[in-house]
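Accompanying notes for the structure given below.
In order of appearance the chains are A, B and C, and numbering begins at 1 in each one.
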Amino acid sequence: MDRILEYPKDPIVTFSKEEELWRSMVREFCQKYIEPKWIEVDIEAEKDPMNIPMDLIKKMGQQGLFCIPCSEEYGGQGGTYTMATIATEEIAYADPSVALAVYALLNNGWPYALELFGSHEVCQEILPEVAKGSAFFGIASTEPQGGSDVAGIRTKAEKKGDVYVFNGEKAYISGVGEVQKLPWGGGWFLIARTGEAGHKGLSAFAFLARKNGELKDGWIPTLYEDIGRHGLTTGGFIMDNFELESKYLIGEEGKGFYHVMEGFNLARIVVAAATVGAARWLLEKAVEWFRSRKLFGRNISSFQGVSFKFAELYARWEAARYFVYRASRLADKIYVEKDPSLNPKDLNIPVALAKNYGPETCVDLAEEVMKWYGAYAYTKEAPIFRAWLGPFSYVIGAEGAQNIMKVIIARDLIGKEFIK
Amino acid sequence: MRAGEIMEVMVYSESVKTFRELVSVGESLNADRVTGVFIGEEENAEEVRKYCDKLFFISSEDIGDYSPSEYSEAVYSAVKSSDPQILLVEGTAKGVPVASMVSVLVGEPCATEVMELSLSEGGLLVKRADLGGVAISEVKVGKKLFDKIASPKVVCIKPGFYPASDSERKGEMVRLKPEVKRRTEVVEIKRKERGEGFEDADVIVVAGRGVKKKEDLGMLEELAKLLGGVVGVTRPLSADLHWAPTWIGMSGIPVKPKLYVGVGVSGQIQHIAGIRNSKVIVAVNIDPNAPIFEHADYGIIGDLYQVVPKLIEILKE
Amino acid sequence: MEIVVCVKQSYDVQQIKFDPKTKEPILAGAPRKMSDMDRRALECALRIKENVGGSVRTVSLGTPETRDVVKEIYAMGADSAYLLTDLSLAKADPDITARLLAEMIKKSGDFNLILCGSASTDGYSWQVPAKISKLLNIPFLPNAISLEVDDTAVAECDLGDAIYKLKAPLPCVVSVSLEINEPRIPTLSAILKASRKQFHEFHIKDFEVDLTPELEVVSTRMPEVSRKNFMVDVSDASKLDEVKKVIDELRKENVL
């Protein structure tokens, strides 16, 4: 499987024969269908964000790459969270702009969160469509005034009979285009205020902007022009007296904050996995370059300024990978094995470590690789900049700002009262 | 019988050219007699009989068209009518199944993908392609050469590795009519367009995946013409894209031209194994890491759509 | 339709490393996978079963690592897998392999059709399917690029100079080429279900086959690669004229 780099032996991050078979099957699929097309996807979607790679999404659905940890009852694969993590890493390795990897990770993490906290009826309605690749289900938490301050969310959801009426605005949300274009539609795990101020007044909803192919009234979307990761749309939407049946409430009123925090923990693991996968691509591109490029009559990697930097970045990559699989295995212990000695909050630090470390490692590596390649990397003909701008969205702060990760680590270790 | 002495080598092939190559192999072993089996039309049998001391001819009118099981019974009947120590068979898609089956009928080992055959310490030693063509193995075939009557070791020799024999021999011919129960029906035979005679070509230009459109082969034809050669393709361009009936490579047609030029060929192991014996290998590829460069005498890193016209321009001067 | 597929776990030839001094392959610990043509044979069998019903079983032999291939066999969808593993089988030649497989096929139940890859990715002998058919005394259709089965088997066989459309009564043996299909990539739920399935295991004592190979490998080496490696880099189009250097060298070598 490893053609360019022979990765060192590892008795710590090990995989079962099943996990290895799964990884090799995902890799086969990705190298066959995704790798030949990722650049084209990025180019086409840059021209028009609505150039969504529909047939790739459909193929990925048929291959069972979405809703991996969800029950087979709902069209999922009945796998562990680690299996979803492995798949995300491999998809990103084939598509280092991470557009398809992010599509996949969102449609693994948030459907799983829906299954953990949502009702059976709602799961039965939405999850099979997401699994097939006909519907999108991501996260809608961020608002124009801020993302990190989840407790400060302003979107209101007022209960009127058996609907909730939504008024407000969400911004910087992935999937706004996909929800409009995919055959069934879809929506988001959305947080809105049903009660008092502060985190206790928030509730979570399976917010379907479009279902059975029909757009609902009162949902007004806009699409943004991202600087990278074009294959996945980003946008915002206004809710103007948008009506959602009350059955789509996830869990209980007032518990939304807690549910979404658990959801973020899960999603951040696969986010970090995507950046580790993209970073693997970058490492191999670097080694390919080192083995062929000469200057001043010697191999470029004979300059220790270059080879030492490579060694440092490789070390960070391995560390990032450790954080990812340590977190995914812990998530399995908590959610799949339901180990009674553990609780969801135990994921906070391990996940924060993974999400903080992975994207920065990937982006730093991308920058160095571009410097090693030189002028060629500055032209659009070279694909490397796509693997720089895509993962950069996670350094900027998608799915959790980098500084918030540090707040979580410091707070949980030192004590909440000592960091105020 | 003395160890190391071959009394009789029998050869089986459906083509005149390969038949003559197999006779050469027999000669290289210093066999006393070279006998042959030919299944086909009488006029071709008349053509091959002069290369062997005795030819056993089975007419396709009697036995019908090729089907491995029935043809293996026919070859077996010829083996039983004589006493070969070695049966040499064409190492082709048609020859190998027949050889495999005859080896079961005579209860002797069969070696395939063989490029070279020799005697050593009273036994047979072959050099064959192994590990999918990546490596070459030396293999001892069978324990002793001369233990039973009409019990030959069977060896399938790949075409193109031995010269076609010129020697004139006795040319006795016997027509056999073995009783063969036919179970497999040949419904239809679709001949592929005649390949360009790659086995004999001095110069071959091969198109690989880097060549984007079938029409682009025209540019390669022009280059081949200027070099005095022919154009072939790698496996995916033939088997998947159907740009040509067959391909250059270990599993297709292995070649050994004086000059091989791979254009947009990355250098998959099986392809390399099939061109390894070329005298001079030139490769054109945009990827500096393409595996073919390691196996090339001359490597040109660049866009073939620029390099090939440039080569044509320079050659025309 | 009872279909038997012969499946070999081969060395992943693309991944084999060679000792730089001796040029010998380093086989200890080398990665293995289901032989490429066998995978297509299994895919072919599964599609036939999906069409006409019946069952698909596999027979495999080799050293104990061969057990690893069962997961993939079941993940693709075979109904049952039969295995024979023993250290002595590391040296099995095509004759021993064919005899043992033929016995395993008979011992494992009735059959209407036997499918094999034309050759294994590593051994590459191209002999086993033909030998099995002769041992079982049934017809053989070689190197099929297409196959249709009802009460006969009709295959388009790529035989080098021509495509032969051959028709044989059942039961028969058909060997398949890489071109016959694109095998499915199992989903995770198929892989997970597969790991819970048991397979049948034979013991070497169950067979009366002489295990001494008649083909003995004396040595295996990567052939010497001693090429000039004279390189010219014209990826920068302004340097295109440098290809002339190659033409000049070729003229010197008298190949032009």
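The rule is short, and it goes like this: a contact is a pair of C-beta atoms (placed from the backbone, for glycine too) under 8 Å apart; a residue touches a chain by one contact, two chains touch by 3 or more.
Note that the structure is a prediction, hence the values are computed from the model and not measured.
Asker: If we look at subunit A and subunit B, which chains touch each of them?
Answerer: Per touch definition, common to subunit A and subunit B: C.
Asker: Which pair, A-C or B-C, has more C-beta contacts?
Answerer: B-C
Asker: Please compute the C-alpha centroid of subunit A, do the same for subunit B, then give the distance between them in whole Å.
Answerer: 54
Asker: Whole-Å distance, subunit A centre to subunit C centre, using C-alpha means?
Answerer: Averaging C-alpha atoms per chain gives centres 39 Å apart.
Asker: In whole angstrom, what separates the CA-based centres of subunit B and subunit C?
Answerer: 21
Asker: Going by the touch rule set out above, which residues of subunit B reach two or more other chains?
Answerer: 288
Asker: List, in ascending order, every residue of subunit C touching at least 2 other chains.
Answerer: 14
Asker: At which residue positions does subunit A touch at least two other chains?
Answerer: Answer for subunit A, listing residues that touch two or more other chains: there are none.
Asker: Could you please specify the touching residues of subunit B with respect to subunit A in the complex?
Answerer: Counting only subunit B, the residues touching subunit A are 288-289.
Asker: Give the list of subunit A residues in touch with subunit C in this complex.
Answerer: Touching subunit C from subunit A are residues 1-3, 17-18, 21-22, 24-25, 28-29, 63-64, 68, 72, 77-79, 83, 87.
Asker: Please output the residues of subunit C touching subunit A within their complex, sorted ascending.
Answerer: Touching subunit A: residues 14-15, 31, 33, 68, 71-72, 75, 185-189, 191-192, 195 of subunit C.
Asker: In the complex formed with subunit B, which residues of subunit A make contact?
Answerer: Touching subunit B from subunit A are residues 288, 291-293.
Asker: Can you list the residues on subunit C that touch subunit B in the complex?
Answerer: By the definition above, subunit C touches subunit B via 11, 13-14, 16, 18, 25, 93-95, 98, 121-131, 133-135, 139-143, 154, 158-169, 172, 178-179, 214-223, 225, 227-235, 237, 240-241, 243-244, 246-247, 249-250, 253, 255-256.
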